[in-house]
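One structure follows; several queries about it will come next.
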């Protein structure tokens, strides 16, 4: 080693010395001066997880409300809003859980809050109850007629429109405008309370549509086809969208 | 200096450098967390597009729970509306926390399909954001959540560029990267993320894939699942049911 | 808040749909300036290496100038990054706990390596003898500065100088891949983002590198043409012609690679082609089609072809070289702009375009970017004063 340094020209020795000094300083700083939190990634991960876990909870969770508000829970648990969290309407309530007497959650009593969900919006999936805010009891707070914990409508919905507004708005501008939904879809009463499990029927054979649309059906002005040749093996609604006949 | 001596000295320098490096290596650490064991969980979310009504309660609840800036330019989760017309054109917009006027553009006869798509950080199993963070400030926990170490993030925004889903943003006050973390502070306490908590239709389902029974467990069994941008091989853990091909 | 106000206005200018978080363009003009600066460093060094490694003797007059130019720009290079970070005071973390999977993490190490072990060492060994001589000829502060810079070395024997020359050559050989790494990793930072189809490309590091070489050679050529007359010297036309020659070849290669990328994109016509086509024809039309391609590449190429084909007078050639150099700088800066800003102007949903509104003042504004581009020339002026690249005889002769 000494040999190496002896044979090196003087300028190279100076440069190498400078570098060795710099590297030594860096190593000393790194090994002895820097605290472990700065160097150890695992420690940093633990610290982050603990810091995140300690953050404040704002929403108490659906389980908490029923512990004190059994009456409301009883009303709610079999109604249309049974899957709706209390805090969806009443806002974040952990502060109320921590201090029930002094901190009260909000309670939306005007029309504006219900409209987030229930105002008519054609992009909502069919079957969701929606109203036109301009025609459905304008300016009256929703809770006047609907108990928000069990929002049964004061009268049962007369037609399917209440939940199937988008289909109705399409159908009303089609040739089938004056045909009641129940003419083609036989609907059990339970569909109004358990819409996804008890569903209406659809016509499952061509003869059903043929009652009106087959040649020789006898109804004046009705478009008719020869049921034996038209439409191969398909049931009629597999090609024709019955809610929007006339046009597309 | 002859070749043999040079090589001998080179070997000496390299080995001594290696020893010094080895001595300076950091200590190993295991991640242990109070009474919550991160290794016993693996979280995921299921979203059923057919159920989302676009009410925006999830967007609001997330902002409340996680102190996200209220301006409509910073979102940990948001809901998009898609309107697909018969000429194959697609109109997309982010809903405004549910206060949405459905303009006539979306209600014409030429609208084929229209629906809402909730979006959030997909907590990918192969997260590109974790890969690119220069200081390792964002990382994947054992329970499958991607966290951001707000004390170490240097605000370089590389992760925001790398996220294919637009899930990240730079927090305007703390100047670090921020994103949905499944409300990690709620998960460790056995609570649901705020968005899942307030969803009125249970369009968002949350679950621990390591648990025997969870809503997510049923969801992944009963639905044909999609994830966003599967060809990028990020392995997202947010699973969509009934997702339209136009969603990206 | 002011930022929210800005976003409100920006959102009105959005075309189509963007993810709501995408309204903010994160990598601003500063991140355009950074690769431009490191590109100049790498390119200037490659020009210098042509002299020492590939023995292109005609380029000798530009050698020291190229090294000093590289150093001046390298010293300023970290500034745009620091100014851009949300927390610049935490940037040391990249040294302590770098994420080895991240290309950006290597910045600190590559920068330090290149600065300390390539550029500074090479400049030191190249100037050592002159520093010793100048130190003995000067007085006062300058004498001591030079003495300290030369690390109090005294040996200027033939043997020592021969060792210096050999060392310089070795360092340059190591320096070439180091320069490639210094600028290539920036290309990889962009090229490895699979989320962004404008950036994600295997050619990105290569395109970055070759445009760096083009801009580096051009800047040294420009500086040579400006500084020599300022110092009362005569421009060596053989040297200048040779520099322009290399510039010509570099531009051809760079242009070919970019055209190849373009053709490949159009041919494969992947999902992103529609929005990218919209991007180029609307938001990036001026900066890409006009500035980068027409003015920045095709026009200089045309001019250099004319120079090569026709025998023109010295004065006309100098003028044309100067014009080429300026056009190329504008073109390469536009290239950086189109990559960095262009990649953020379209939504990752491929359904919309947004706008970049560059502030005038503010830490990431136009004025700061301009200052960052001017400061290296100030540093270069100081370096040239301290370590003049040419001796009196070199300035006089042609």
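Order of writing sets the chain letters: A, B and C. Residues in each chain are counted from 1.
Assume a residue touches a chain if its C-beta (ideal position, glycine included) is under 8 Å from a C-beta of that chain, and two chains touch if they have at least 3 such contacts.
Keep in mind that what you see is a predicted model, and the values were worked out from it rather than measured.
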Task: Per-chain Cα centre nearest the global Cα centre, belonging to chain - done: B
Open item on the list: By mean C-alpha position, what chain is farthest away from chain C?
Closed with: A
Open item on the list: Nearest whole angstrom, what separates the Cα centre of chain A from the Cα centre of chain C?
Closed with: 50
- [ ] Report, in whole Å, the distance between the mean C-alpha point of chain B and the mean C-alpha point of chain C.
- [x] 36
Open item on the list: Taking the mean of the CA coordinates per chain, how far is chain A from chain B in Å?
Closed with: 18
TODO: At least two other chains touched by the same residue of chain C: list those residues.
DONE: 93, 97
Open item on the list: Counting only residues that touch at least two other chains, what does the list for chain A look like?
Closed with: 30, 39-41, 44
Open item on the list: Two or more other chains touching the same residue: where does that happen in chain B?
Closed with: 136, 152
Task: Interfacial residue positions of chain B with respect to chain A in the complex - done: 1, 5, 9, 12, 20, 23-24, 26-34, 36, 38, 50-57, 61, 64-65, 81-83, 86, 98-100, 102, 106-107, 109-111, 114-116, 136, 139, 141, 147-152, 181, 184-186, 188-189, 191-192, 194, 197-202
Task: Interfacial residue positions of chain A with respect to chain B in the complex - done: 1, 3-4, 7, 27, 30-31, 36, 39-59, 61-62, 81, 83-85, 87-88, 91-92, 116-117, 120-125, 128, 169-170, 173, 244, 247-248
Task: In the complex with chain C, residue positions of chain A that touch it - done: 9-12, 14-15, 18-19, 30, 34, 38-41, 44
Open item on the list: Give the list of chain B residues in touch with chain C in this complex.
Closed with: 71-75, 78, 80, 90-94, 119, 128, 130-137, 152-158, 160-170, 172, 175-176, 232, 248
Task: Of all residues in chain C, those that touch chain A in their complex - done: 93, 96-97, 116, 121, 124-125, 128, 151-155, 159-160, 163-164, 167
